[in-house]
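In the two complexes that follow, subunit A is the common piece, with subunit B as its partner first and subunit C second.
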Partner chain A sequence: MTIVFYVIAAITVAGALAAMLLKNTVHCALALTVAFAGLAIQFLELDAQFAGFAQILVYIGAVAILVVFAILLTRGSETPKEGVFSKTWLAGLAIAAMVFAVLSWAVLNSTSSLPGDSPKPTVSVLEIGNALMGRYVLPLEIVAVLLTSALIGAVIVAKHEKGSAK
Partner chain B sequence: MIKNADQIFVLLQHWIMSFFPSVLQPIVGVLLAVVTIICVFPALFAIAVLLERKGLGRMQNRFGPNRVGPLGILQPVADGLKSLTKEDIVPTSADAVVHFLAPVFLVVVVFMGYAVLPMGRNMTLVNMDAGLLFFFAMGASTELSVFMAGWSSRNKYSLLGAMRAVAQMISYEVPLLLSSLVVVMMTGSMNLGRIVDAQNQYSWGLPHWYIFTPWGFAAFLLYAIATTAESNRSPFDLPEGESELVAGYFTEYSGFKFALFFLGEYVGMLSVSGLGTTLFLGGWSAPFSFLTWVPSWIWFFGKVMMSICVFIWLRGTLPRMRQDQLMNFAWKFVLPLSLLNVFVAALWRFLGDGWARWGVCSAILLVAYFVMAKVGMKSEHFGPRSYRYAE
Partner chain C sequence: MGHVTALQGYLLLAALLFAIGLAGALTRRNAILVLIGIELMLNAANLNLIAFWRYGPHPEALTGMMFAIFSIAVAAAEAAVGLGLVIHIYRFTQTTDLDQMNRMKG
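This part shows the complex of A and B:
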């Protein structure tokens, strides 16, 4: 645990907290992006290049934009007058606490099952590629077919709408 | 002597580093490289802007800038000074923090992309395995800054421009990634240095650039279309269409922040040109084997400036597209073709050496192109051209 880790962790947690606590929904989305970026830098700090850059590409490049679009297209980014807390906040709090408990239990257990001071594994992008093309080729292909069909499906849906409109 | 000219910047870096104690040397080396990138590309930006204004003037039958300095070549200096001294206006209702952060974020992210570009032999700042992924990760982050600029300005033109820009950039990012994927498939690496090395071979004096293969040529054209749209250049410049949206997402910016957006756009254009050069045009390798004695960085920057000239030429030639045309073009023409191109590249790989694969791959791509163009034109119901007013 270096000082870099603590700095990045502080930024990530601050971003996540700001995402919950800020009043303006768009500000929340932007703060969430800071948390995503913090996680990506955390991956890079652990020498996981692929995971880090994929995190930036997918979460900052696509998910953050999607969140922002959803906010802008559904209702105004203004704060509602009756406050941002829903009536069922107690149940929400309980569920959040339970999820946090389960996650932290899993994380704490996983460290005890690993040997204590194991050196950082160095996994290069090449090795990830080889593993994906070798051992995990079937799941990869299934995901690839699913995504490609989704892509083609999107095009067909767009084409169909145009045809029926005319 | 020739070898020294090729490596002059590397040697210069090592010479300056030798003045420092060995503990500091790595840091000094990186700092030097970063400072060089931050100085060289804005200088190229100034040249590109001048070239664009002069070239557009030429194409539109006017002079272009010709007052500042001989032939107007000092115009970028005057523009820079002007934007520095202008008042920085922030609208009262604007979201001041986000409004300030947007141009800063854009420029930082755009410059980060240069870290992985091989600009000459041994001239890569960070030679990492996931170089291409890093470049696209940085490129995708610019969308956020465009949105921040448009939303924080509290101006309907800005917001409309930002929405258009983000929709356009997301749509064209898919063909951008798919067209670059082909190169990764063929090289077997995402390391940009290795991609250049794979193209830096010659048979009969001609280079093995990827553009000289059917799939590479198709991928290059798709890449060029996608990057033109990504950098919001004409004919895809709807997000900043002057006739509709004043200046799109940076309408409410003035003074140096406006200059930063301008810089971000051009430096982004230079960086995607650099990536296109690296992926398809052989990076820093010479176009003929008898020209390999010319320093590698001359080839890289020459190719980048040629790409900029093509961008300018396109801007002077093509009219702006409509929003629905833009989206239809992305999702119904560019995307299916780039998907098909991935299959063609795989076919190329497994057909083995010989002339058969040239014929098969070219035929598939050409037939697909003509059929899709025909179908696309038919659904648009284009009839004979009719004139209402200009008879």
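This part shows the complex of A and C:
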């Protein structure tokens, strides 16, 4: 494990924690962007350049902006009087802690059949494009249909209808 | 516990991010922040996929990478529809507080 991994991991976890703990919702969205950027750098560290840049484009470029728009459209940045956590926060926290305990126990106690240090894979965008157009062309088409229907669905759902709204 | 390999390090980071996202999704009152928690969990899963692709026996087959790319695309669609639903519900109830969204009728 390199020092770069630990630094980026600390930044990512700090961003994720801030996104889930801060009171102001806009600050949460900004902290979420930090966590997404940290994950993108981890992807680049893992020699997955394409996935790293896709992460930057999709998450930092689109999803984070979408979240900020939703917060501003719903006046969600106002902190509610009853606090930001629900009444059953203790149960939720306990479930999350147990999930983490089980996952980390499984990771640390399993003997991996994989070699510890594998050679750095060299994958060009050309190979990814060939794979997307060859072996993975059916999933690609299905994702295209899904994205189109999700786009139309989101517009129809969020569209302002006069008369029906109070 | 001994030495932590590179793959285990990434898997532990992904498990921690997943737990943080799950805790947020289960405890926050604001519906948008619950969606943010779900996004964090999806991202943690993507990190797992990429880590297994990098340290797996056949990285040239691109399986894990393709899984991660498709997962990113599906997550983007999910975020758009989810936030659209939150905005629509907000128009009727004037709130994004999940504890107050306790009826199905608009």
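Basically, the second predicted complex is superposed on the first by the 126 of 166 C-alpha atoms of A that agree within 3 Å, B and C clash if a C-alpha of one lies under 4 Å from a C-alpha of the other, contacts with A are read in each partner's own complex, and residues count from 1 in each chain.
Convention: contacts are C-beta pairs under 8 Å (C-beta built on N, C-alpha and C of every residue); 3 or more make two chains touch, one makes a residue touch a chain.
Quick caveat: nothing in here was measured; it's all calculated off a predicted structure.
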Touch check for A:62: first (subunit B), second (subunit C), both, or neither? both
Please indicate which partner A:125 is in contact with in the superposed arrangement: first for subunit B, second for subunit C, both, or neither. first
May I ask you to decide whether A:154 touches subunit B, subunit C, both, or neither, giving the answer as first, second, both or neither? both
Per the contact definition in the header, classify A:3: touching subunit B only (first), subunit C only (second), both, or neither. neither
Counting touched residues of subunit A, say whether subunit B or subunit C comes out ahead. C
Scan A:26 for contacts with subunit B and subunit C and give back first, second, both or neither. first
Pick one for A:138: touches subunit B only (first), subunit C only (second), both, or neither. neither
Quick check on my understanding: which residues of subunit A belong to both its subunit B contact set and its subunit C contact set? 50, 54, 62, 69, 151, 154-155, 158
Per the contact definition, I'd like the list of subunit A residues that touch subunit C in the complex. 1, 5, 9, 12-13, 16-17, 19-20, 25, 28-29, 32, 35-36, 39, 42-43, 46-48, 50-51, 54-55, 58-59, 62-63, 66-67, 69-71, 73-74, 76, 80, 82-89, 91-93, 95-97, 99-100, 103-104, 107-108, 112, 114-118, 121, 123, 127-128, 131-132, 136, 139, 143, 146-147, 150-151, 153-155, 157-158, 160, 165-166
Complex contact set, residues of subunit A against subunit B: 26-27, 30, 33, 49-50, 53-54, 56-57, 60-62, 64-65, 68-69, 72, 77, 124-126, 148, 151-152, 154-155, 158-159, 162-163
In the complex of these two chains, what residues of subunit B are touching subunit A? 95, 98, 128-130, 133-134, 136-141, 143-144, 147-148, 151, 159, 163, 166, 170, 173-174, 189-190, 328, 331-332, 335-336, 339, 379
Interface with subunit A, subunit C side, in the complex: residues 1, 4-13, 15-24, 26-30, 32-33, 35-37, 39-40, 43, 46-47, 50-51, 53-57, 59-60, 62, 65-66, 68-70, 72-81, 83-88, 90-92, 96-99
